[in-house]
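Down below are the structures I want you to see.
Presented sequentially are two complexes of chain A, the first with chain B as partner and the second with chain C.
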Partner chain A sequence: MATTEIRIGGLGGQGVILCGTIIGKASSIYDHRHSVMIQSFGPEARGSSCSAQVMLADRPIGYPYVRRPDILVSMSNDACHKFLPEMKPDGILLYEEELVHLSDDERPARAWGIPATRFAEELGRRMVMNIVMVGFFAGVTGLVSREAAEAAVKDSVPKGTEPLNLQAFAKGYDYGRQLVEKAG
Partner chain B sequence: MATTEIRIGGLGGQGVILCGTIIGKASSIYDHRHSVMIQSFGPEARGSSCSAQVMLADRPIGYPYVRRPDILVSMSNDACHKFLPEMKPDGILLYEEELVHLSDDERPARAWGIPATRFAEELGRRMVMNIVMVGFFAGVTGLVSREAAEAAVKDSVPKGTEPLNLQAFAKGYDYGRQLVEKAG
Partner chain C sequence: MEPVKLPMTCVLKDGTGVLVREMVRADEPAIFKFFKELPLEDRHHLRNDVTDPVRVHNFMIDDTHDRVMAVVGEIDGRIIASAEIDRNHYGSMTHIGQLRVIVARDFQHLGFGTILGKLLINAGISAGIEKVLAETSTEAKVTMLGLEKMGFKREATFKRHVTDLAGRKHDLAVFTYDVSHIWDKMEALVSDYSPIRDY
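Let's turn to the complex of A and B:
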């Protein structure tokens, strides 16, 4: 696989950027691939929406903008509907299923939902929802190994919160693996 | 001014990325300019060094990589020596003067040093050194207004730490303004 383009979208405060950071770091730790993350702060970035572009590749990345995401991670309904039209037809949509509402027409062939906010609340901290999504990303796509992603989580969250965040990761990871296995 | 290329370099844990985030946000808040930040997580990013590329422009940014920085912000000696050769000849170097050691030959014409770590320690929290550097950046270059930068600081630091971080910003900003005024 030469290059994987990932778009992560959600609301400000949901931890969209940290989600991208962890995926980028994990890929780099995992197999020494190259990875780049872009945040835009331009007029399009004002307001409550927030998005990051992450690119994973086997060689240094010359053009880092994500044009046609292979993978779209959506933590809000607005972000999902904004970025879904850009996704490749065979791309993978990962979405927070209690926040994102998709009609049957809108739902792409490869779409996987997770009640990530509820899982985070069950762990006692709603704000680890983004780490549940990182786990879900790793579990469904296999693009980064569990070990690499866990190392990147530990490396990226505030000191003292590592155990909670690793639990959040495991919740998302296991749920993702189960969905994929059930689907065959 | 069409485009400003900024490279920020330092050690992991110094808050290099947050420094870039705040500058990018401030520019966007200030005058609705476009700004983009890139982090690389590739093999070159492993180890203790850390850098971010920030580009500020008047229109959407097609090629976001920083090639020849107009401004180099250096929080470590290694980062300074790594990126200084890339800086434009009339570029501005902003450096932590107790961590970065420059011979007279190495020092560019427009170089401004600040004891940012000491200032942060005087405020009781060494880790706000990066915010002192943000203030220094705003004070010396004037590329973002004080108001915009303060708004971006407030928006970007952990809840409850805003007053401390605004003090850190003010330390760097005032010191930078004074240096520039003294130099005429």
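Let's turn to the complex of A and C:
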């Protein structure tokens, strides 16, 4: 498998960087591949734009920056419109469908939406929406195995919060699998 | 902390194995029998007259609260304990979980209440509960000790708040277990602000 470039974008406070960390950790530590992650965030604690660049590969990665994402994970409308033009024409867009608004012209051929915030709220904690997105990423793309991603989630979140975070992961994963299977 | 996985078998201090599983509607006759067989002094502390089948039916279908989880302890088809954690559907206290545990007299003081309490606290945390509440008469020394061992702290005492069968007034102790710090760490983690994490 070639190198996969992933851009994750959203707002500070949505857990964008943790989302990228978990995907990279799942791939490198638990699926035994290679990954790098670069984060950028604004000076404000919350609400500023924030993004993570993640590279997944089967061999060591020499250049860590994402130039043309194969996959864009978007948790906010601004991030989506900012990073979508960079995405490869056949790239995959994964987006929070209740926060990101796309016209038919803007929507790439391979775009998958999920109401991640609503799912997280239904689970009892809005702050696990990023983990729902990790599950959705794993379910739709299959770039990290379910087992690896779950192990990375457990390893990355504070003690005591694992059960809810794993539920959030499962919610996103199952939803993603269902969409993919429905699309054939 | 692992997710709560039921059914599971617990071993009590005397070596007795007890099946713990989620309560289901079909348990209603067995639950009714369990409540009815409780000694009067135990039933006296419950919210409802559980010798009334209608009350027990209402308990089973409880729609006045958001029941996070309700479990029963079962040995050879006999229910020996009922426990639940619930919270308000709506409003300013949806983050508060109320814990209720009832164990049959012949299985008390074997650590089963603590097992059920811990299990339900974990379920509550999973559901986003930040603070767990438990109430008991100050006469119930063993129960209070068990709550403290689980991590509860006595937050308030309501003087002369409950009566016993003879009509004597006793104090009610309100215990709470604040688990919000768990979520504070998670909130810091998703802040996307600093790459330095100290958890």
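We adopt the following convention: the second predicted complex is superposed on the first by the 175 of 184 C-alpha atoms of A that agree within 3 Å, B and C clash if a C-alpha of one lies under 4 Å from a C-alpha of the other, contacts with A are read in each partner's own complex, and residues count from 1 in each chain.
We adopt the following convention: a residue touches a chain if its C-beta (ideal position, glycine included) is under 8 Å from a C-beta of that chain, and two chains touch if they have at least 3 such contacts.
The structure displayed is predicted, hence computed values, not measured ones.
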Touched partner set for A:P163, first chain B, second chain C, both or neither: second
State whether A:C50 touches chain B only (first), chain C only (second), both chains, or neither. second
Between chain B (first) and chain C (second), which does A:P64 come into contact with in this model arrangement: first, second, both, or neither? first
Partner, of chain C and chain B, that touches more residues belonging to chain A: C
Touching A:M127 in the superposition: chain B (first), chain C (second), both, neither? second
Is A:S27 contacted by the first partner chain B, the second partner chain C, both or neither? first
Chain B versus chain C as contact partner of A:Q14, first or second or both or neither: second
Figure out whether A:F41 sits in contact with chain B (first) or chain C (second), or with both, or with neither. both
Contact residues common to both interfaces of chain A (with chain B and with chain C): 39, 41, 45-46
Listed in rising order, the residues of chain B that touch chain A in the complex are 21, 24-25, 27-29, 32-43, 45-46, 60-61, 63-65
In the complex with chain A, residue positions of chain C that touch it: 1-4, 122, 125-129, 179, 182-183, 185-187, 189-193, 195, 199
For a test of understanding, state which residues of chain A touch chain C in their complex under the given definition. 10-18, 39, 41, 44-46, 50, 123-125, 127-128, 130, 157-167
